[in-house]
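Naming follows writing order (A, B and C), and every chain is counted from residue 1.
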Amino acid sequence: MTISISGLSVSRSGRTLLHPTTVNIEPGERVGLVGASGSGKSTLGHALVDALRRQGHSVAHVPQSPDEALDPLRSMGFHWAEAESALDLAPDVARQKALFEALRIDGGDLRKRPWGWSRGMQQRFVIAMGLIGTPDLLVMDEPTSALDPVVAARSMDLLDRYLADRQTALLLITHDLGLAARRMSRLMVMHEGRIVEDAPTAALLAAPGTAAAKALCLHRNWLALPC
Amino acid sequence: MLSVENIAVRYRGVTVLQDISLTLAAGRTLAVVGESGAGKSTLIGTILGLVRCSAGQVTWNKAPVRRCRPALVMQEPRSAFNPRVSLRRSVTEPLIAERRPVDENQMAALCRSLDIPTDLLERRPSAVSIGQAQRIGILRALIAAPPLVLFDEPLSALDAVTQKHTARMIADLQAKEGFAALIVTHDLGYAAAYADHIAVLRAGRIEELTTAQAFIDAPQTAYGRELRDAAFALGALERVA
Amino acid sequence: MIQLFLSLVLRAVVVLTGTALATFSLLWHAPGDPALAIALARFNAVVSTEVVDQIRVEAGLDAGFWTAFKAWILPLLSGDFGSSSVTGRAVWPDLVTAMSYTAPLALSGLLIGVAVSVPLAILAARRPGGWLDRSAVAVASLGAAIPTYWLGLLLILLFAVQLGWLPAMGARTPVHIILPALTLGLGVAASLTRILRSGILEARGQPFLPAIRRRGVASRAIERAHVAPHAAIPVVTVFGLELAFLLEGAVIIEVIFARPGLGTFLVTAIETRDFPKVQAVVILAALLFVTVNLVIDLIYRALDPRIGSHDA
């Protein structure tokens, strides 16, 4: 289902964190939401998920760190069952097996609590939980910054492979244009609570229009290497 | 020259570091990369003289390394400062420790290089941005002009643009002051762009130690290749036609 | 696991031996002649030096400290609490009688404490900083600041003297337990409410809760499945301290309300320097403590296995 929302805004104690914003995302699209820290990326991500859920969309949000997604006192199995029942779904072993295999966490012991799993596996478990209800949109907030690069890259690759022929769209929130440009087909640039630019990746990299986008493009890579 | 000779660290029967040998000359930069738990922080601890080695020794110009008073830049810039005193007070601590007076000219020059407005130093740590706090952390590390500076994930709390600005400032200061820099980082892009050598630390051992260029071109170990490929997959390194 | 259990048991043995030795030595070295105190208690009259000396030999007080200690502790290892130096009666049956009065008092005090504090803490934590919360905190702080004996006297004045609703003294009927249990329970409630309230508030601030909410889990289910266990941890932690409060409170309250029980038993025994009786109470209390703390430790580890996962 196409995602279309307008007039999304957030203010807290008199300060506007997110100015009225419109977001349209096609099924299966890969969108990067890029901006400096404090530009309102995460605020938009949270507001978007909450608003879409109210509209009746199925959406999932994967926070930056597994610590922000899993209760350390509860087993992985408990989290999974809780997520299923929150979606009004009956437990389905086949669905779980398919997701676990796709994200390579089928070796994990569900009786253990989160800290009994490696951080990478915890994150992939959280991603798998998000995919239970085959959501229209999966929002990932800085999925790479709390993990080792090798582990983070593996999670992203496995997720890409799983989503390849599916309708679930992906919104990747990151401060790192290098990451978003490498993996997303469309980019939205955020600056001071507004989306200031929204274009296909190649077009944005070729001709950034705003100062914020120009700064991001200028500092996109550490090194550009000839291949 | 920093010289780490065959050091090992064992703690409660667990080997944290084993057979670590490396050298780092003045003005040079060594990046240590590897996964969390590989022993990167312990290595920093041994070089600072905070962690006792079970074997081997760490020296600067043949003298025990502590004597050269190496400085440290930490990952979380704000928690690196005493929250109750002004930043100026925290910054001058290394001088107070050595009973040296503050050279205001040198301080002003460093502040200019690091783009720190001097009035920022009168504030408390909570009243500056993370990027500013990290630059002030670098100022504190350099105030006593140490010959060796250790950086423990100096950029990972910052956003991508600030990271690149800060890395540039560190490199410019290094060219001016001539300190040796040992940088622990998980960002191979940063290491490739700024380090002379890259050491891959894994499970307490150095798996690979070579020039940055050679490592990016052709890592010699399977894990080294994984690291490099991950950096490409995450856009930290980019191939252009 | 077995190693853990053994280390906990070893800790218990050390605590018990230490307690036994410490109290015995305190009694032994306290100023005044124990033999004289026993003689006075036994005959309730001025006695001759010969009688006192005879009692000294009888009670084993003429031997050295270690001989006396051994003479007391060795039979104890086979379950023999000895007999009273004053009356000569066996200690154990009297101790059981005393406990049969104290245990219901402590238990009902605990029940009242839990029954008052749990709903109060939940109500207070519903809107932190609201008037309900602030008054609950104020009352709880006041309750924790008031000494038990004073609260007991206030309750006696109000319910027994002014209103005449409840009996104050003795333990003849089951109704007699109400006032002392209330005194004890309100003290427990005061400290439990504060701990539980802050536990709930802290649990509500756990970083993973927003994500769980965003997964669509109903807030009622979140409170039950995630907030409650986290809020319970500090309560379990202080439960050992609560037990100390219960015992200490029960002893004082029994004296105020003139109830038979461990408190009266202990106070009389101390006054008459009745070594075996005092030691019996102390050992019993220490045993109770050690057991409860052992159980708490195990519950704690079941609740949050991160605890203790490092000392393996």
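By definition in this document, a residue touches a chain if its C-beta (ideal position, glycine included) is under 8 Å from a C-beta of that chain, and two chains touch if they have at least 3 such contacts.
Keep in mind that what you see is a predicted model, and the values were worked out from it rather than measured.
Participant: Which pair, A-B or A-C, has more C-beta contacts?
Facilitator: The comparison resolves to A-B.
Participant: Taking each chain's centre as the mean of its C-alpha atoms, which one ends up farthest from the centre of subunit B?
Facilitator: Here the answer is chain C, farthest from subunit B.
Participant: Roughly how many whole angstrom separate the Cα centroids of subunit B and subunit C?
Facilitator: 55
Participant: Averaging only over C-alpha atoms, locate the centres of subunit A and subunit B and give their separation in whole Å.
Facilitator: Whole-Å distance between the two chain centres: 31.
Participant: Could you grab the centroid distance between subunit A and subunit C? Build each centroid from C-alpha atoms only and quote it in angstrom.
Facilitator: Roughly 53 Å separates the two chain centres.
Participant: Spell out the part of subunit B that touches subunit A in their complex, as residue ranges.
Facilitator: Result: residues 35-36, 130, 156, 158-165, 167, 186-190, 192-194, 216, 226-227, 229-241 of subunit B touch subunit A.
Participant: For a test of understanding, state which residues of subunit A touch subunit B in their complex under the given definition.
Facilitator: 36-37, 144-145, 148-154, 156-157, 175-183, 215-216, 219-227
Participant: Which of the residues in subunit C end up touching subunit A in this complex?
Facilitator: Those in contact with subunit A are residues 206-208, 210-212, 214-218, 221, 225-226, 229-230, 303-306.
Participant: Residue numbers of subunit A touching subunit C in their complex, please.
Facilitator: 46, 49-50, 53, 60-61, 63, 67-74, 78, 82-83, 86-87, 113, 115, 126, 129-130
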